[in-house]
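Read from first to last, the chains carry the letters A, B, C and D; within each, the first residue is number 1.
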Amino acid sequence: MTDYGEYLGLDLDEDQKMILEMVAQLSSELLAPAADVIDRDEAIPANVRATLAESGLFGLRAPETFGGVDLDDSCYQFSLATLAHGSASVALDVLVQSSLLLEPLAKFALDDEGISAWAESVVSGEARGALAWQESSNSLSNSDLKTELRTIDGEIQLSGVKNWVLGAPEADRFLVLAKEGDYSSWFMVAADAAGVEIGKKRTRLGMRGISVAAVEFTNVAIAESNRIGTVGNGKEILEFISCRAQVGLVALATGLIAAARDAAAQYATERRQFKRPIADFEAIREKLAGAESAHASAASLLASCARLSDGGGGHDRKRLHFGMAARIQATDLAMKVADDALQTFGGYGYSQEYPVERFYRDARYLALAFGGNDPIRLRLARSILPSSDSASRKSD
Amino acid sequence: MTDYGEYLGLDLDEDQKMILEMVAQLSSELLAPAADVIDRDEAIPANVRATLAESGLFGLRAPETFGGVDLDDSCYQFSLATLAHGSASVALDVLVQSSLLLEPLAKFALDDEGISAWAESVVSGEARGALAWQESSNSLSNSDLKTELRTIDGEIQLSGVKNWVLGAPEADRFLVLAKEGDYSSWFMVAADAAGVEIGKKRTRLGMRGISVAAVEFTNVAIAESNRIGTVGNGKEILEFISCRAQVGLVALATGLIAAARDAAAQYATERRQFKRPIADFEAIREKLAGAESAHASAASLLASCARLSDGGGGHDRKRLHFGMAARIQATDLAMKVADDALQTFGGYGYSQEYPVERFYRDARYLALAFGGNDPIRLRLARSILPSSDSASRKSD
Amino acid sequence: MDFALDEKLLARQAEARAFARDEVAPGAAERDRKKEYPEKLVRRAAELGYMGCLVPEKMGGSGLGNLGQCVVLEEVAAACAGTHVTLSVHNSLVSAPIYKYGGPEVHERWLGAVGSGEKLGCYLLTEPGSGSDAAAMSTTATEDGDYFVINGDKMWITTGDVAQVGVVFAITNLDRSVRNTKAISAFVIDFDDPGVTFGKREPKLGLRASTTVAVFLKDVRVHKSQMLGERDRGFSIAMDMLNGGRIGIAVQAIGIARAALELALERSEISKRNGKPLGKSQLARFRMAEIATSIEASRLLAWRAALLRDRKENHIREASMAKLMATQSANDACRRVVELLGEAGYSDDCAAERLMRDCRVTELYEGTTEVQKLVISRQLL
Amino acid sequence: MDFALDEKLLARQAEARAFARDEVAPGAAERDRKKEYPEKLVRRAAELGYMGCLVPEKMGGSGLGNLGQCVVLEEVAAACAGTHVTLSVHNSLVSAPIYKYGGPEVHERWLGAVGSGEKLGCYLLTEPGSGSDAAAMSTTATEDGDYFVINGDKMWITTGDVAQVGVVFAITNLDRSVRNTKAISAFVIDFDDPGVTFGKREPKLGLRASTTVAVFLKDVRVHKSQMLGERDRGFSIAMDMLNGGRIGIAVQAIGIARAALELALERSEISKRNGKPLGKSQLARFRMAEIATSIEASRLLAWRAALLRDRKENHIREASMAKLMATQSANDACRRVVELLGEAGYSDDCAAERLMRDCRVTELYEGTTEVQKLVISRQLL
């Protein structure tokens, strides 16, 4: 496991170093050996989640009220990267619970005791949540939002279908984006509430430790206590979650790159062809160098993203912008490195006896997660156009 | 010009901010307007160099003994990037003088009064030096070194041919790598010394502000005062220079990316086709997003490289390793972004009335400078192989 | 010069397309999920003559030739790559050497059976220690009167556990001073001969409708008439067959890429990104244009190589170029289509992820991408 | 199906190769440096029939056809891309429409002259505001009895200041409610007609042996017999010619890439990186293998499109595919060769940097790369 403090010359204090060491140990001793089983069984075993929870991983970014440790983003993101080195599915689970769910709850619903209690159970690993915003595939915006809040017979009800909800089959609660009049808002809905139906669990190419399913909400009764944030701030929270998701993807990409690079370097040293270790061949060396170069890039981007997060203050839009730019690059690199690692293994790379085919499958998720690289590209471009032309900013 | 402090959330003090602002002003007001002339005339005009010198740019990394300000690497590298945004040729000139020449002199010959005096004249812009190490094309190692020191009739003489010496036609002195017995050492040789002959100035594809020529040394008399460093530490100094060169290339790449991105974004907003600004077309947006993503990557890599430099202490090899990884990525990105920017301009991109064709030409230099991307790849790969296999580390 | 298929092949293409659409495609997803070898389809393919492309009609084959094989098997590959590889190996690597290098006894005993598809064949070249480096073989065939006794382990054998016939390579010159390239011979063996056993089916990223196993040969006794070509000249047979095999894998990649493109086109209205149908997105449309272009370029390269092979002209460079471009661009295409289709492409919602998994092997077998570049560069320098 | 050139074209290819090697290549570097239009070479090309490829022999041309033009002009492009574009424009965009769309008067007055190369032609379509968007034209041709009076500015006109003949597009239906695609007509004009003037030669990244200028048309009076095709139907002529022009630019890219590859191969022993000759570096060898592969794939695409054009079959998709792949991969090839050759490749030490500069335009003119993808995607969706 990479010591990112040393690798990037980060200025870490003893606590941060300790956390990163602990995570590295977990990742290499617990996650890496379990990664194939997680992939095959399409689930993270209960004992693995329990250990993660005991180690406080679900509460890394949560405030004390939630039972968390409120870690700085730099240490957090490199922890995620380190987890992804062992198992990308586990890192994705941790990302969703500790960052994408608990951070918006902390920011927008910190004073709500009901939420705090549930958040504590997420930190302790007893509960799991899921984000239900996406309706069509690859959407980061709420432009095609159809799920909505309606008042029927004096009761406020939520109806609509969310597709491709990450972690839906295992979730206790959903954080749901819905139209509310002309705006949108978020609501916390219990999975066992009347009118909530979880669709068929889909079999996926990779990241199989986290299941995906559609969730249908039919006239689900909504009380004011379900609300997260204020009326109509749905977009603000969505952007906040998006921003955190982009950075998290950079972390996952960084860890996956490290895993693929290490597997390829190890294999290239051991495997012999034409009477030499294949690491002697320039075509293999090019791939290894590309992996290392990609790792330097992804890790550096991650450091920048985290530095911007930790800088705090306004600038939300700037952080989102940088996160999108970083995410495109880091995920593209991860996909390339995973492909190269598989190729380095030759025929063995195609066998499920080796981990590289899993890296290859897992990495492809990064391109389409949380908005998808292509839609993110279109959006990012808009934000760098000179402001003189407002027409083209509006379009798309 | 990008405010890198804000862009990357760097923790800069007032002095650093002031320097970066001054450089940004120089770059946009002096260099950008002069860049085309520099390219066409194949020289940096004297008044431009004089202004750079007055502003202290050649002494940014030099110690006070040399008349410099001993700037931290982070502020220095982002200054270089900002210069490259205005003129890549000028940034290359500054890189060579202020970093690749004066840094090794400061590190290995600080106490030599003759050297100090000359270094001061480099800082003041009166003198220029050139590095003469390369013999065949694209070499970062001293493995094919033929230039050597010989004792003839009791006199120590240096003979050999250095090819593709950057800045040779304008240089007052050469820092020359030569074999000395079984090892190699560096010597400072005056351009007007007997036996030094500068070859024909070559016309080049890009980076035309700095000329290139071969330099032939024929029985040039060498005294001990010519020596830089100690007997046989040629490789150590070479690695030091290489490391600095890799980081400098990341800075140049960052600035070129910013320049190409801004030109493309501007043009895409103004140029209309099919009754819309071309920035409305997704194919153009993809290129702009790619440019921004590349800029985030290169700048983040640069921040990492500089952070490692500023961390100081041992780890020379680690810094070189990271610098090589960063350089491959950043220069590849710069070439891609320059190509995309040209393509964004359509037919106008081919005209020398617009700057993008110059970016395209200049960017290609980054791939072959200071070792060349492919040779660097082969070397970088070696450094990430597991140490168990010492055989393959030796080869290549 | 003429880039069009003649009427006969156009008719064959139409027939193959119908077969692929009606019989091969429907069960492809299920075969992938269940890792099920398509026994019935192979029999149907035999009836259509797709297992004897390289065997003349009068000897029990369909005489479609290499070009004809490209045309019909592309359709099969587009529907199910696992079914394709079974047929491709059988044609290019088994029936072809049996026909080309087999003596009268071999022809009598096997040619009709493999050419008609009555018997399925597999190809036993690769060993644990010899992938790209075929000469690093260690399986031996020791002479014993009129017989040879074969011992050794073969791996990554496509259909090794369902085939009835194998073409096996072994060292017949045990003098270790002789280079393996001049010491290897090829034999045809029956898989019910004593001494042939299999390992477990290899779990694979894709191509799960085909089986891949290790085959262990222990004291397998073959008559010397079962030898293909001359003694100790088997390496050149392996090299010759590889060229044909490479064209076959190029075609497989082309078929898979075409299926991916067709899927993206088919879903261009219903599949959306940020609320916009793929077909209305310039970026998505352009990516499809790139995929279509590389498919057509790859097909021209593959057909050119096949035609040269049919004419017995040198086609080493051409076959490797076809495989290089076809397999690299097909993998790009499949990955791109998964991305275009988003979460749906990433899941069992459609065939995209299967196509992507199936396609990946094309850059690995019959010589990796690196081996193709090695071969081409040797033809240049 | 047959991928080989017939004997006649093989002989033409050999002749062109000798011409390119002996006459075109030697001055190419100097022409680039001096930005010198190759007047003598163009005359020599005329003698060899390379300026009347698309004009039948009995009408003064050489009747080589589109395929023949691909074959001979690839050789010229490999030696000097600037000379190539002069010939390519003349053939594909001037003599072709004059032959195909000209009436008897046009044929009488111009066909023999352009087909024999006695007169050089240029193509006046692009305007400052209409690049990829040809329909956004503003040049007008106002009817005046039996005459039209043309007014407007054309830009990026290859050989605009050395040509004697021009094919010009202008709006003949001034009713602004009519879309330009149904309002444009094409005319042949003589450049010594009053009212034709030129701008300065455009300073360009490359292709400096060809001239590129703006052409200003002020009250240029042409007889209605000078119209090509039907009135107001000129847009479809432009589109038709573009297809031929695209094949021509694909061929240019192929020639340049070939020259780059040949240079790398030629220098594979003397050029070194870290002391190792290029030819001994696997990485360098593999890059050359990639280049060779894309050249051959591009050539097959280009020749296929040319043959379809010769046969008057639809080839819109095929021409765009050929240009897309050929120009993108040729630029990659040239850039790669500059990098392989290092400082030497980056300087006037060899042709690499010129090839790289020359090549870049191929992704820009006759429709940018983006336009090709647009065209192809429209054929798919």
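One rule holds for everything that comes next: a residue touches a chain if its C-beta (ideal position, glycine included) is under 8 Å from a C-beta of that chain, and two chains touch if they have at least 3 such contacts.
Worth saying up front: this structure is predicted, and the values here are computed from it rather than measured.
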In terms of CA centroids, furthest away from subunit B sits chain C
When B-D and A-D are ranked by contacting C-beta pairs, first place goes to B-D
Express in whole angstrom the distance between the two chain centres, defined as the mean CA positions of subunit B and subunit D. 39
Note: subunit D sits from subunit A at a C-alpha centroid distance in Å of 50
Residue numbers in subunit A touching 2 or more other chains? 281-286, 374, 377-378
Name the residues of subunit C that each touch 2 or more other chains. 281-283, 286, 370, 373
Complex contacts: residues of subunit B adjacent to subunit A: 7-10, 261, 265-266, 268-270, 276-277, 279-280, 282, 284-297, 299-301, 303-304, 307-308, 310-311, 322, 325-326, 328-329, 374, 376-378, 380-386, 388-389, 391-392, 395-396
The answer for subunit D against subunit B in the complex is residues 126, 129, 131-133, 136, 156, 202-207, 271-275, 281, 283-284, 331, 335, 338-349, 353, 356-357, 360-361, 363-365, 368-370, 373
Which residues, counting only subunit D, touch subunit A once they are in their complex? 281-283, 286
What does subunit A use to touch subunit D in their complex? 281-283, 285-286
Under the definition above, what is the set of subunit A residues touching subunit C in their complex? 134, 136-141, 143-144, 163-164, 202-206, 212, 272-275, 281, 283-284, 335, 339, 342-343, 346-347, 349-353, 357, 360-361, 364-365, 367-368, 372-375, 377-378
